[in-house]
Every structure is written in structure tokens, then in C-alpha cells.
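What follows is a set of structures to go through.
Look at the two complexes coming up: subunit A is in both, with subunit B in one and subunit C in the other.
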Partner chain A sequence: MGVTCVCQVPVAEGKSVQQTVDMLHRKLEQLGAVKQGNFCVDCETYHPVGNTSGQPPKFLYVMHNSETPLSCLALFEGGPCLTADGNFDVLMVKLKSHFQNSKGHKVESRGARYQYCDFLVKVGTVTVSSSARGISVEVEYCPCVVPGDCWNLMKEFMQSFLGPSVPELPSVFAAKPEGLYAPVDCSDTMTQYLELFSKLRKQQVVSGSSVR
Partner chain B sequence: MADVMNVGVNLEAFSQAINAIQALRSSVTRVFDTLKDGMKNKETLEGREKVFITEFQDNLQAVNRDLNELERLSNLVGRPSESHPLHNSGLLSLDPVQDKTPLYSQLLQAYKWSNKLQYHAGLASSLLNQQSLKRSANQMGASAKRRPKVQPSTLVLPPQYVDDVISRIGRMFPDMSIELFRPNGTSAVLLVTLGKVLKAVVVMRSLFIDRTIVRAFNENIYTEDGKLDIWSKSNYQVFQKVTDHATTALLHYQLPQMPDVVVRSFMTWLRSYIKLFQTPCQRCGRYLQDGLPPTWRDFRTLEAFHDSCRQ
Partner chain C sequence: MSGGPAVRVSIESSCEKQVQEVSLDGMETYVPPLSMSQNLAKLAQRIDFGQGSDSEEEGAEGEPREQEWGKQEPEEDEATVKFQPSLWPWDSVRNNLRSALTEMCVLYDVLSVVKEKKYMALDPVSQDTTAGKTPPVFQLISKRKSLATAAQVLLKGAEKLSKSVAENQENRRQRDFNSELLRLRSQWKLRKVGDKILGDLSYRSAGSLFPHHGTFEVIKNTDIDLDKKIPEDYCPLNVQIPSDLEGSAYIKVSIQKQAPDIGDLGTVNLFRRQPKAKAGTQAWHVKLEAAQNVLLCKEIFAQLSREAVQIKSQIPHIVVKNQIISQPFPGLQLSISLCHSTAGDKKNQRTSPEKPKPDDHLYVLEHNLHQLMREFHKQTLSSVVMPHPASAPFGHKRLRLAGPMAYDKAEIAALQQGEGLLEKIIKQAKHIFLRSRTARTIDSLASRIEDPQIQAHWSNINDVYESSVKVLITSQGYEQICKSIQLQLNIGVEQIRVVHRDGRVITLSHQEQELQDFLLSQMSQHQVHAVQQLAKVMGWHVLSFSNHVGLGSVESIGNASAITVASPNGEYAISVRNGPESGCKVLVQFPRNQCKDLPKSDVIQDNKWNHLRGPYKEVHWSKMEGRNFVYKMELLMAALTPCP
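What follows is the complex of A and B.
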């Protein structure tokens, strides 16, 4: 598990989400990247039942990542992050007196997984309740574990297929003290997906486009 | 054949000498004949003795005369020339049954070969002395003999000495940790951890670095049964490349007389990878080329280059 950056790629002007995704695939293949199957990251939102403290409710997010198919990740808003077994969802059903699944809040990103040298690239279509909202690109540089060390290198790589609109160092890393060390589990990656999903959930539906 | 005949033998004197030998032989035979016959019948005992002694003296004088003649001739015969490259074996050419026993031509052939061999061996040895690319045990033994200051054989340094050298080198570089293992007998295996960038397994033979494998910081260093994995290569292309370059460096830094300097030079070079992902190429100024960062480090300046940008 190396250093990962998840970013949103704007839909090209006059193009649909799918057309933009196809264009990214073509650019990656021109670089020499090889397609290696598919990937999926999803996120369910739970809201606490019986909020008595009067404070704004804190959400619980349960996420799955096809890279780690046997585990799932539970993130409590602004709080701890927990890596659990895959059947954590079953536990959430039992906890429904405390946390209720917010229907219509399910977000997922699906797409193709590419390998280029020591880079892994995942280009995904982000859907909120089955409607396409945008495009996510995840780039992982596997041999390095210190985000600050390889950031310039990753930026150069992303520029080669995303053009000049390359994101800044993800805040999840910027916020970390000194030893910018990506943990073995993918919580840093999932935190970035969660940020992206929250942003897209609030966005208006992209006009006239659907997943398939 | 002509030059073989001309070996400095006086043939005239030679044949005379052979005659002289025959003469000597017959005069010696005559001496023994008179002795064998004894005293012949004469009237008086005195007469018999007198005749016998005179005869015996005459014969001995003849032997003496022939012997002197032979000695004189043998000085005339002379000796085969010392300057002949094959010395006495050159006389083999005089063998009349040349066709049946081609000993002489075979000898000449063998002589030519051994001459050539010696010449080429001399050239090779002087060339090898110029290059200090010496890795074999024989060469090291030889160099140790020439320089009695170092240990009799640098291959059998005491483990304690190796430990000391390694720990001294480890203290030189604070961002580099060197752990020493001895999984198989006395030969040391070093696990070098460089910052949070890479881990290198360095297999030693005494103080000589035998081979090295570089892997990512987050890759497995141990096999499933908990032993140090000194064989499998990195999963990442960038570290496969760095491993190749490190192997080149092992061949570059060679100084058989001072193995500790070699280890130190190699570690200094390896340490320049601390900024493997942070340094752009010194030639093209970019970070990536074919998906790889600048993996080459100049042996002298330690500057970073892409493999294809170095010259």
C-alpha cells in the first residue's frame, strides 16, 4: 500500500460523463497503462437515532473497497475510524435502534483499474442513488510510503493524463504531522473518497447524464 | 637438418676418436690376454718371469698411449653448442628414423606453444594488475602476500572485526540503520534500512559484499518461516532497477586491499537514494521517465539520473 491521491475530474465541456471517462481510458492506454479489471468503492451513510444532545447529528459512514474485499471501514464523522470484517453491515442492521441507514445516500464509484509501471490508476464514475454525478480518479504510487516525498512525482504523472488541472496534496496528508506515513490499511484513501463523495452528493445532478 | 649438423662437433676428430676408442679397447684386451695366459714354458723360472713382465709392461704402455690419444681427440671433438634453443634435445633431429618417430617436430611444436603461453600469461597478468577488479579468492590471497600489513587472508577476518567495521559505518549515517545477521555460519547478512525509502539486504563474504537486493520500505524482508529473505526481488519496477544499479556499484567499488573502504563507499552511494522520490533528473529535469523516477546515482558525484539520461 503506497501513497494514494483521490481527486475529482471535471466532465469535459460538451461531453457526457461516460465520454470523459472513455477519453481518460484512451489517454492512459496511450501512456502504456494496462487495464487490470475493475474496482468499486461504496459508501453507506447512517444517521444517529434519537439525537438528544441538541448538537448537529454526527454521521457514521460504512465503506467498502474492492481492493480489500474482506474488510470494511467505519468512519465516524470527525471521530475515530475503524477497520472491521466484511459482515460489519449485519451488525449495523442490529444497531438500527441507534443508527439508521439514510436511504438514498448510497454513493459509489465504479470503473476500470489500470496499472502503469509502479502506479495504480482507478478511473471511476461516481453515482449517488444510481445517478451519475461525476468522475473520480485514484492514483496510487505503490513503492513509496511518504506522501511528501513522492508528491511532485505523482503530480507529474497525473499531469501526463489529466492535463494541468491537478489537485494539491490531499488534505488528509497535509494535516498529518512530520512522519507523513500512509498506514497499511487504506483509511487515508477512503477518507479521500469520503470527502469526494460528500462534495458530489451536495452537487446538482449533472444534466442529462446517467451511468449507463 | 643442416643447422642441426652444425652444432659445433668436429666430425673429423669424432671419427678419429672412435678409432682411438677401438684401439684402446684392443690394447686393454691384450693386457688381460697376457695376464690370462700367464708365464709360458721357458727353460728357467727366471727367464719365464722376465719375458712375462716385459710383455705386461709393453701392453700397459700401449694402453696408456691409446688413452692419451683418446683424451687428445676428445678435446678436439668439442661440445654441442650451448646456444641451441633446445640444448641437447636438438640432437634428436639427428635421429635417422625421423618418419617413424616424429619426436623432434612434436618437441618444436610444444616448445612454440609453451613460449606463446608464457607471453600471453605475462600480458594478462600485467593487464589484471592495472585493473583492480579482483574478486576471486586467489587474487586476494596474492594481494595479501604482497602487503603483509593486512590480515594474511582478508577472507578469514574474525567476525568481531567485521562487526566493528559495520557498526562504525552504521554510526556514520544517522538516517541509515544497519542490522547485522549471521543466518548461515560466519558470513554476515546486513539489513540496511534507509529512512522510509528502502530496505536493502546485503550479503557479505567476510568484508566483501557478495550481492545485494533492494526492496521498498513497505515490502516483506522476511520469508514466511521468519528468515531473512535474501533471494526474492522487489515487486516494484523502481526497486528492481535500483537493485540492478546497486549490483553495478558492487563491481565498481573494488579495492581488495581495503575492503572496509569499499563497504563504506558502497553505503555512501546507497545513502544517496534517501531522496529517490524527491529528486528530479539532473539531465532532463523531470521526475518520471517511462514511469520511473531517476534510479541511477553517479558513482562519483552521487547525482540522480534516469537510467537512459546518464552518460
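What follows is the complex of A and C.
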């Protein structure tokens, strides 16, 4: 597992989400990337029950990634991150009295997985409670684990199919001191997905009101 | 026995003798003990003989008594002795004597009274006559009764004796059974169910997942006559094994060239001799081991057939009755069959002895199958190794960690990748076949072609999937100078990789022809290399050398190679072309001045042009003297080199 960058791609003017995704697929295929099945990242939100103190509730996010099919990640926003196996979902059911599943807050990103030499590109449609909200693009450069060493290369690669909407160095890496990126688990990737999802969830209200 | 310091306690006998005096230096002088007679005299002095014998009062006696009463002699007159009773040891004697005296006195008085006949008269006492006489009937009855009692006692004794003898016998048998059972218990798993003793011969505790229960029953062998002599091989313990595990079984693995008729399938019935029982092993042990072997063979076969059905291969594996047929290479079939013979079958076989077939059984593969099965057992056993987190799923530890360690797809796939028994054994069979065929190819080439020679050095240490052989191509008598061709053949599962001495790698497929062609082309190249080496030794100059000549007739195998060498003074040149198929062609170029039949050219009139090379002439190579190519070449070179 190498350095991963997750970013949001704005929907092109006058096009639907699906059309924009198709366009991205076409661009990638023109580059020479090979499609390798699908991927799926999902996120469920739990809110704590019985919050006695006056603090704002701290949500718990349980995420799954098809890239690590046997694992399950639990994250607090900006807080600790836990990697566990699939039984964690069962455990959350048992913890009903402490954490309640917020129905309708399920965010998912599904799409195709492309391989282009050393790069893995995943173009996904982000859906919040089964309505498409945006497009996520995950780019992974497999051979390297130090973000600083390969960021420029990744940026250049992303420019080739994303055009001008290339993101900056993800804050996960920027916050870390110089050194090795932790490749053991996919927590950095999932943190980026979580950021993206929260952004899209908040956006939903704005865009929903403006569109309709 | 306390651990304290030892305190010495001295014990000495109490002083029995009287101390006469203690001298100033502490020496004690004792009074010498009295002799018997002195003692008697001393005691006698104390007796008051004046005391009356008839006076009964003892109160008057106030004399102090002595300690040594035991020494008192009993011959003293009882009447004269008057002592205080109860403490005197001779008291009872004295009392008896006294009462006897009283009786005597009374008798004397009675007799004297009777004598007077005034007061008393003696009459005979009348006797009861009826008491003494008993009727004969009673006598008979009592006699019979006593005899019966005596007989009863005797009978009871006899019964007891015979019972104890029988018990002894039974005990011995029982003891033997128990000791045998103990021995059985030390080697096999046993448990008691109801009044039966059941044993377990399955490999379940070793990690087997085969559903066969594999239970045997321990029986006490009682069908033997105690009176007769016990046969030598008698064993009080017998085991009853399930009927489907009886007999002997083995798995036959063989590779055959052509496919037999489909009608022949599934009827493999070859038997081996029963292994002789080792001395000192019990009959039950042999029986159980055989049954366990049958069980393992069945498990292996069941596993193989399950895999054969599940695995999708290009040519599907065929499972018919007790045989699995797979096709590792085209035109070749691997058959794995379970041969199970029971006692009944053996008789049948004996009556119709078949013509002994050549034994194509691959023992190595059979052994490997057993080994693989046990490895598989071990794997299942180690996957449930404790301690194990209560929440985690059962399985391999690394797989269990895959979740928390967030392994990605590739890593998980690498963990789960496990080959089945059948795939492994097919791979091994392929390798074994490829190896033996390679050996055969090399050997047949070596025996067919004498010049150059092929040597094969097989390495002893092999993997189940890979072995290697080193092939040297040399010419007889010139081994030291012609060492150019050294090939390392790495024989794998499907292909042979040839590593040249210079590091080139050529991959050959499993086809026999490929290897043969390759070796032939190498041999042909060897000859040209040999000429090159020889030229160096002989001082000739190499003018040109080519392993793959692009001119001349096209060879069906590989390419022809060629070399041209010039003699040390440059007058002659030898050109050799050697092809794997066309054979060798040797041409000698003569100097121009030696050729008479050359047409005189107008241009090259000058004498210096005589040194130009002339035409080539072919050498009739087969007519050359010499035992092999290099030797012939040496002779030719020597002939063309002018004497100094």
C-alpha cells in the first residue's frame, strides 16, 4: 500500500454525476489504464446515547473499504482511529445503549477501480442515503510510502485526467511530521474519505436547496 | 530425631553389689556376692523355728521381710513356715499345702469316726441301670449322623479345592487380559462405554477431518478350552475392527503411456504381500495398524476424489470406482487408485493367479501422498491452536490478523492460496515423469552417439518439484581442452530450463523432442568449438568462427556452425562446417602455388601473388584415420604443418 490521495471532483457544468464519471472513465482508458473490477467505501454514523455533559456530541464513524475486505475501521472525527476485523459491526449492535446508528446517514462511494502501471485510480460516485451527491477520486501510488517524495509525481498524473481540479497535499499528510507514511493500515485513506464525506454531507443541504 | 545437638546420655547399671568402701582416689570396693549356700544359711538364720505350726494367727509376726524371697528353697517344711501371705511368691503353694493338710485332717477325723462305728456307717451308693444302656436303633442313627457330618465336611473341602484351582486358572487369564489391556491402552485411545471397551483408531486427534468414526472394540478372548494346551499365539485380548477397515490397503500411483479402454477402468486390483509382523508385536497391534492404514488410505483417496471433482482443469479428472485418472501431459495418464484387499478377496486371487504385470507403481508418490495428508492434518490442527480470542473466527492465525492489520486483497489472497492434495501430487508426478524422461533422453543419446560424448551428473539433492542435472559434452581423449559445452538442466514441473556456461538461459517445454534436438545441436556446436580449442593448442590461427552459419543448406534442427583456421605459417587453411543433421564437412585450402590446374590470370602475374590463397578441396572425412573427430582434426593439422 502506497501513498493515497482522495479528492472530490466537481460535476462538470451542465452534466449529471454519471456523465462526469463516464467522462473520467473515458479519459483514464485513453491514458491506458486497465479496469480491474469495482470498489466500495461505506461509512455509517453512530451518535452517542445519554450525552449528559453539555458538550456537542462526538460522532463515531464505522467505515468499510473493499480494498481491505476483512477489516472495519472506527473513527472519531479528528480523533483516534481503530482498525478491527469484521466482528466489530456485531459489537456495535451490542453497544446499542451507548451508540445509536443514525439511519439515513449512510454514505457510500462506489465505482470502478483502474490500474495504470504503478497507480491505482478509483473513481466513485458518492451517495448519501441512495442519492448521488458527488464524485470521489482516489489515486494511489503503490511503490512509495513517503508522501513528500512522490507528491509531485502524483499531482502531475492527476492533472493528466482531472485537469485543473487537482487537490493540494491532503491535510493528513501535511499534519504529519516528515517521515514515513504509515502504510500498515488504511487509516490515512479512510480519514481522507471521511473528510470528503462530511464535506459532501454538509454541502448536500446547500446544493439541495439551491437546485430544487 | 530432631536436628538438635546430640546430648550424650550415659547409662550404667545400678549398683547391685554393696559398696564396702570408697577409697580416697574414688575407687569403690564391693562386697563379694554371697554364694548359694551362704545365702541359704543367711536366710535360715532368720527363720524362727520356735513358732508353733498349728497357730493360725499371723498377726504376731512382725519380722521385717527380706528382699531375696526368690532364693528361698521350697524343701522347708510347710508346717514350720509361717510368713505373711500375699507378697510371698510361694504363697499359693503354701495355701494348697495347707488346704491339703486340712483335708487330710478331716479325712483322718472321718476315718476315726467311721472306725468307731457308733456314729456313722458306710453304705455303697446305688447306680442307675437304665442310663448306661442305649437301644441299638439310636446307636445306628447317631452313627449315621456323625458319618454324614464327616462326609459333608470332606465334600466341602473337596469343593473348595476344585474351586480354588479353577479360580487360579481364571485369575491367570484375567491377569493376562488386564496386562494386555494395559499395553493396548498405552498405545491406543480407549474408552469405556457401558460394558464395552471401545477404542479409536482414527486420525481425528491428529487433525483429520475424515468423517469415518474409526472405532474398534476390545473383546476378551474366551473361546478357548482351558483343559487343552494353550496354543502359542494365543492372546487373551482380541480387537474387533469395523468390517470396512479389514484387510490391507494401499494407494497405487502410476503413470501410464497410453490410455486403457474405458472398460478397464476402476478394476485395479493389485495386491501386495502382507507385511510380516515384527517379532514381539501382538496380533492385535498388527491388526489395528493395518486397519489404521486402511483408514488413512481411504481418507487420502476421499480427499483426492473430492478435489478431482471440484478442481476445474482443462482436461477433467476422471473418478471411477477406486481410481482417479488425470492427464498431466498429452498422451500420458496418471492414475491413482485405492487398492483394498480383504481376506476374502485374497482367496479369490489365489485361485486365479494373474500374469504378473510390470510394477509401475511409483512408491515415491505414494509416500508423498501420505506425507501430504499428514501435513494437511497438521495444518488443521495448528489452525485451532490455543489460546484463541473468543470473538475471532477459527482459522489460520495470520488470516485472523488480516482484519485488525487491514490486509488488502492481494495479501489475503496470498494467505488463502492453498493447493490441494491432488494438485500437488499431479505436479510431483509431472516432475517425476519429466525427470525420468530427461534421463532417458540423455542416456539414449549418449549410447547412440559416440562422438562427442555426453556425460550427465545428476544432483542428489532434489526438491519435490525441481531437480537438476549437469550435462557435459566432451571428446574422448581431449577432455581437458574441449570443455566448452557445460549445460545445467533444471528440470521443473512443466519445463526444463537450460543454463549455459556463459549464463544464457533456454527454456524447453516438456516435449522430449525439444530436449533431444537441443542436445544434438549442442553436440554439433561442440565439434566446432573443439576445433577452435585445438587450433589454439596447435598454434593455428582462427580466421573466422560462427556458431550459427547463415549459408548453406538449412538444417532441420538448430543451425550449422563453422570455423576456419589457418596454419601457423599461413599457407594452409582448414574450414569446418558442422551441422546437427548434415554432419561435418572439412575443406582444406591450399596455397596458390601448389595448384597446377589453376588458370593463369593476366592480372596476377607477379610472383608475390603466389601467396594468395588457392582453391578449397574437400577432405574425405570418413576415410581419415583417427578414432574421433578431434583426433582426426589433430592429425590433419599436423599433416598440414610443415616440419621446422
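As a working rule, the second predicted complex is superposed on the first by the 202 of 212 C-alpha atoms of A that agree within 3 Å, B and C clash if a C-alpha of one lies under 4 Å from a C-alpha of the other, contacts with A are read in each partner's own complex, and residues count from 1 in each chain.
Just so we're on the same page, contacts are C-beta pairs under 8 Å (C-beta built on N, C-alpha and C of every residue); 3 or more make two chains touch, one makes a residue touch a chain.
Note that the structure is a prediction, hence the values are computed from the model and not measured.
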Fit-or-clash call for subunit B and subunit C when the two complexes are aligned on subunit A: clash
Would you sort A:Q19 into first (subunit B), second (subunit C), both or neither based on which partner it touches? neither
So, does A:L70 touch the first partner subunit B, the second partner subunit C, both, or neither? second
Per the contact definition in the header, classify A:M1: touching subunit B only (first), subunit C only (second), both, or neither. both
Could you tell me if A:D85 is touching subunit B, subunit C, both of them or neither one (first, second, both, neither)? second
Check the residue A:C186 against both partner chains and state whether it touches subunit B (first), subunit C (second), both, or neither. second
Looking at the overlay, does A:S165 come into contact with subunit B only (first), subunit C only (second), both, or neither? neither
First, second, both or neither for A:C142, with subunit B first and subunit C second: first
Between subunit B and subunit C, which one contacts more residues of subunit A in the superposed model? B
Based on the superposed arrangement, let me know which partner A:C117 touches: subunit B (first), subunit C (second), both, or neither? first
Clashing with subunit B: of 289-297, 505-513 or 559-567, the subunit C stretch 559-567
Residues on subunit A in contact with subunit B in one complex and with subunit C in the other? 1, 184
Using the touch definition from the top, list the residues of subunit B that touch subunit A in their complex. 196-197, 216-218, 234-239, 275-278, 280, 286-288, 290-293
In the complex, go through subunit A and note every residue touching subunit C. 1, 67-73, 83-87, 91, 184-187
Residue positions on subunit A within touch of subunit B in the complex are 1-2, 32, 116-119, 141-146, 149-150, 152-153, 156-157, 160, 179, 181, 184
In the complex, go through subunit C and note every residue touching subunit A. 391-393, 400, 402-409, 412
